[in-house]
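In this document, chain identifiers A, B, C, D and E correspond to the written order of the chains, with residue numbering beginning at 1 in each.
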Amino acid sequence: MNHMTEIVTRISGVNPRKCMKCGKCTAACPAYDEMDYHPHQFVDMVETGRLEELMNSRGIYMCLSCFACLERCPRSVEPAKLIEAVRLAVVRQQGRNHLKPEQIPALLDPDLPQQAITSAFRKYRK
Amino acid sequence: MQVNETFKPTVVAFCCNWCSYAGADLAGTNRLQYPADVKIIRIPCSCRLNPLFILRAFQRGADGVILCGCHPGDCHYTTGNYYARRRMTLLFSMLDYLGIERERTRVEWVSAAEGAKFAETMNDFVETVTRLGENRRLEDLRCKSE
Amino acid sequence: MQERIKAKAIELLESGVCGRVLGWKTGEFFYDVTPAVFESREEIERDFVFGPFCGANLSKYLIAESRKGGKVGAFLKPCDTYSFQQLQKEHRILPENVYAVGVQCGGMCDIDAIRAAGIKGVLDVEEQGDSLLVHTLYGDKSLDRAAALSERCRVCKSKKILGCAELIGEQGEEQPSARFEQVAELEAMTPEERFAFWRGELSRCIRCNACRNVCPACSCEKCVFDNPSSGAENKAPANSFEENLFHIIRAFHVAGRCTDCGECSRVCPQHIPLHLLNRKFIKDINELYGPYQAGADMDAKPPLVNFQADDPEPSVVRERGTNP
Amino acid sequence: MQKIGVFVCWCGSNIAATVDVQAVSDALAREPGVVFSTNYQYMCSQAGQDMIQEKIRELGLTGVVVCSCSPRMHEATFRKACEKAGLNPYMVEIANIREQCSWIHKDKLSGTEKAVLLGKAAVAKVHLNTPLTAGESPVTKRALVIGGGIAGIQTALDIAEAGFPVDIVEKKPTIGGKMTQIDKTFPTLDCAACILTPKMVDAAQNENINILSYSEVEAVKGFVGNFTVTIRRKARFVDETKCTGCGLCTEKCPQKKVPNEFNLGLDTRRAIYIPFAQAVPKAAAIDPNYCTMLKTGKCGVCSKVCTVGAIDYQQKDELLEREYGAIVAATGFEPISMDKFDEFAYSQSPDVVTSLEFERLMNAAGPTGGTLLRPSDGTHPHTLVFVQCVGSRCDGGEKGKPYCSKICCMYTAKHAMLTREKYPDTEVYVFYIDVRTPGKNFDEFYRRAVEEYGVHYVKGMVGKVVPENGKLKVQASDLLGGQQLHIDADMVVLAAAVEPDKSARPLATMLTASMDTNDFFTEAHPKLRPVESPTAGVFLSGACQGPKDIPETVAQAGAAAAKVIGLLSKDRLTCNPCVARSDELMCNGCSACEKVCPYGAITYIDKEFRGPNRTTLLRRVAQVNPAVCQGCGACTVACPSGAMDLQGFSNAQIMAEVDAICK
Amino acid sequence: MTYSYFPGCTLKTKGRDLDIWGRAAMEALGVELRELPQWQCCGAVYPQAKDEIAVRLSAVRALASAGELGTDLVTLCSACHHVIKRVNRDMRTDETIRSRANTYLQLETPYAGETKVLHYLEVLRDQVGFDQLQKRVVKPLTGRKIGAYYGCLLLRPSGEMEFDDPENPSILEDFLRAIGAEPVVYAMRNECCGGYTTLENKPYAVKQAGRVLENAASCGAEELITACPLCLYNLQVNGGGKLPVRYFTELLAEALGVKEGAV
């Protein structure tokens, strides 16, 4: 197994081999149109070691963590966990933070719950 | 706890013919690994297991004894495992009362379909017994081969 | 009491109800009372005793006596009647050949308890209501009967007399008993402590078989320990394993049938508290399968030949263990 | 001293790859009593068996140990072979060095060591074996079939044809089962009722068949050839023998709002009803949950209109006790509940239906008279979405089943095809994970749906159905097209997984027949004995053993019948000689053994024994009826004196095995 | 009935309404919510990666301190509930996480997931009882057609949240019935509103909020309730005001007649 695949499967705890390629995750995904790779492809790409492509994809920041893929998967594969693991693999690299503090003020809105900012920070930077 | 890496326990598994022996066969058919320390003795039903056999096994050097039978309610002979369950519960409690490690004896219900459960059970039991080390509290030194 | 019993014994013989009666007579010492069969008024008048040392449970003798032809009379204390009924349930005693007379009991005494109370040179003991008048080499002494009782009578579970044709003395009731306290104490120990305790006790066993011979539940035609083909034959406590084996299997074989009469511990010459093994099974049975008293009920199914679909699993032993 | 021959099998490389068979036969040759020890490629082959027989004759072997596969596999083979050479078959022991050794250990050294120990245990046991002779028991020449669907009907017909009486017990008021609810059958598209109802009539008219409808099995006692079964005949409040099935009562009954289970609740029936026109027996039944008379004591309309006086409000459940030689389980299947799959909005929209409901919506006897209409508004649907594998192929858990339900691909193709045929103005989408159509003319059928009928097969799944403004917004994946589809559908049809009928689990317990983790009955052997349960005398027919389509069910039903006929045509059965035996000299007569015997095989007699001093003693001793004893051994442990022992698994034999293993 | 209560950061600032009315209502119902002393942010997002320990710690602290007080821990914000409930499960079932978290925190007694985590709604349903609640209502919301919006975090993953049927939940509908309103069931109630991408991809958040509101409105809902501050924000701000969206506690306070008192 490729080194990155190993890291991603280890920290996610997901076994991509359980996937039977039914596509229900992708069918359930509300953010489908925003993503370049879709949940079932994520699983397949992790399994086949195409991590570079995934790590450079925009889709990993578009995932809503709504867990619809994970909930509806008939094989308990949990694609959402894989996506988070790939995103972490990216932001843990030097200088790869997706969100920088200086970007924040521009995004603020007086009613926005801080939960959104905290979570964005948590999800997108080391 | 210290684990002696070289210690290979002797584990006797009494399996009822209808469910657990078949479950053990299924584990084999599916190539599910468990330690060779486990030796299976086929009995027609879990209710055939006389406490004497368990004590005899310990006397002769067994480090753990496990009984596997059909799930309660599924006994091939309708009720055998219910009796076995009471007998073993009381016997194990007595052994515990005498200060003999209660982890050395176990009962698991394994159906003919549960090959995987059989292998898991044996792996877990052997691990437990290995951790306990050699049986000292119920052994008969005259029966030791070395 | 003794006189009433003797009169009844004579009446049973002379009225022709029984051809012989089973009772107690003094042995070598006053406290060494043994079971005996009496066939005549003279024997009864001369030898028959009933007093604080008539601990022996006569019911086991009825297995053989009830099969000898004719009717045998028997005097049974409350706890003996539990064994009497249990043996009838097991078809060991033929009830049609027995005329049982229940005798109420104030608790049997233990000579060692009297000695432990600091009384030396005991010559004889006389009942005086709730106390004992002890004749000794150094004069008479008085002692509370309660202080002289044997362990099993201190924790007496029942004064109820079961299944007898008639009673001498009052009918009694089941009573609360602390008989499981010692078991609970042992359970609370660590396995190491328990192991050490039982090694200390059982290593004294000399395999005299007194416990087996006196036990009403141990009435097998042939004991497994005497049977060369049983695989468990052993005649001497050759090593620690066999000491354990004998007592575990013996207790297991009587589990669910033992009435907790306590005879095993009474007769043990090594003073091994064998009743603690039997009581462990009784306690477990009560806790796991519901209260059960062997011999109390002629119709109840003994726990080891019975079951419930939702009985606890054997893992309960591991789970409820108080010590790691 | 026995003269024992040891035969170690390689099983090709199955054993020989991880066990040094030469070392095993060498080691066992040194065991006491072993006079011959060898190894061979395939012991179960004719050549292997010949070798064993030759050695028995040549060396006068008194015992044989075969180290090979599981005794569950070939014990009977080797026993038979030895018997032919003049050795009592119970002088043979098998050491299981394949399933319980070579297949589970990778290390050859420890595998070999274990194989030797297992062989030693078998040798030690054979030393104590004694020749056993099997007894015999009679056979009751009547069969019981539990379940009156197509499986049960076919089994009963085949058994009855061979001349044996059969009872069918069916819990519903009519036989026929699931097939009565099906509209057309694949791949021929002939009408299900047209092929099923004649069989139902045949069953009713066959002299050898007795239909106990509206009945359930309550208790089963006994053993192969000699079962005693208690059957509860539920009160139908209508005298079946008087009712002519005219149906007048079902028209006059004022209670009209009872969900009609025959149409899966898509329409209603009366409180007194005949499930459907061709019901067998054609007799009405009163539903006590809805009947005003039974609930309040006021009404009695049906009784008034009945011209033959068949209505009996006082009827009570009745218990029948009958004897049978063989029992066939044919309890069938149910589609699973859709409760846990509400992403498809089954509970939110009546236009989301299961496939079985769809059958009713297409059927001429269904709620819409055979015109496909939306249940919500009775309009004609234009866009239909079929979702396959709903609840099938799920990895355990409460939600769904781990297995493939097998029939869905074909019936969905059938539904799609029929829809397009009857309503060419429809668009039909089928979402599939895989299309599985093995079977005669099956794949051709599916291809026709695609090629001739233009059904859109989409590889992917539906992820969400949103009812909105009278439409069903279907969000799905098209994996091959690489897009997420949004379809505004009029109806969504869910191919619900099938599961065994709920009555199967308690029945299995009564029959002591084993089940797998999905509650399907287990076969005695998955390949070689597929229609027998491991419990002797209990046979399996139809979907209670696993998902099946109609042709497979009928084939299995016939096979089960053949097995039953084989059993019932025997006058006596050879019993298992491994039964309990009481040593009268040691028996206390205490009755402990009798109390634990599940078969009532133990009785007591008073017997005279010699006592001391030339006296005689009368003692109560246990006796075992070897024809009734099944050899479980419960009595042997209940017996404190050890008087009770089990032949073939005696105390001494098991302890010899323990000793050999623990050394 | 006394519970430890974890309000969370948002409820102290932007989501004050959720908290204030929630407390007032529980007080009226005779349930005591004791705010945990010295709580910290729950972490906002549940760390799905098994090797992230530090971000689990403040949830563990809250859990352990409720444990020390011997009370069940009640949460109200969907996000906090999601994080705390799942971290608690990790502490119970994942040996590695448990031992590492305990090593970091050096608590007096090691924590192993003993505390029971309840959502405010679960307290209403299982402890108070909707039938009891119904009896306490003084101003029933009769005639109001209200859609419940569940969102993601309370329901999924259902195996861990153990909150309600993830595809066909009913707790909020039962709640609405109890306070006299008419619940409107619509299929998008358990679909994501897109709130998480409001910073990253605002157009998408707008689109998805629109879908939810459109579906609810088409099924007859005239207003929506939710338990999640982010959902509320997203549906209100990005949903274009199609339907009013409120916290369920506000309606609860209204029905119990304590709304004015709380403000």
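Convention: contacts are C-beta pairs under 8 Å (C-beta built on N, C-alpha and C of every residue); 3 or more make two chains touch, one makes a residue touch a chain.
All of these numbers come straight from a predicted model, not from anything done at the bench.
Steps from chain A to chain B, minimised over paths through touching chains, total 2.
Common neighbours of chain C and chain E under the contact definition above: D. Just to note, of C-D and A-E, the chains joined by more C-beta pairs in contact are A-E.
Averaging C-alpha coordinates per chain places the centre of chain A 46 Å away from that of chain D. Distance from the chain B centre to the chain E centre is 48 Å, each centre being the mean of its Cα atoms.
With centres taken as mean Cα positions, chain C sits 75 Å from chain A. As a whole-number value, the distance joining the C-alpha centres of chain B and chain C reads 36 Å. For chain C, residues that reach two or more other chains under the stated contact definition are 224, 230-231, 304-306.
Counting partners per residue, chain D has 343, 397, 464, 596, 638, 651, 655 as the residues that reach two or more other chains.
Residue positions of chain A with contacts to 2 or more other chains are 33, 68.
Across the assembly, chains come into contact as A-D, A-E, B-C, B-D, C-D, D-E. On the chain A side of its complex with chain D, the touching residues are 18, 20-29, 32-33, 38, 40, 68, 72, 74-76. Per the touch definition, chain E reaches chain D in the complex via residues 159, 165, 167-168, 185-188, 191, 214-215, 218-219.
Chain D makes touch with chain A in their complex at residues 343, 389, 393-397, 400, 433, 459-464, 475-477, 479, 484. Across the interface of their complex, chain C is touched by residues 585-592, 595-596, 604, 617-620, 638, 640-643, 651-652, 655 of chain D. Chain A contributes residues 10-13, 30-31, 33-34, 61-62, 64-68, 70-71, 78, 80-81, 84-85, 88, 99, 107, 109, 111-120, 122-124 to its touches with chain E in the complex.
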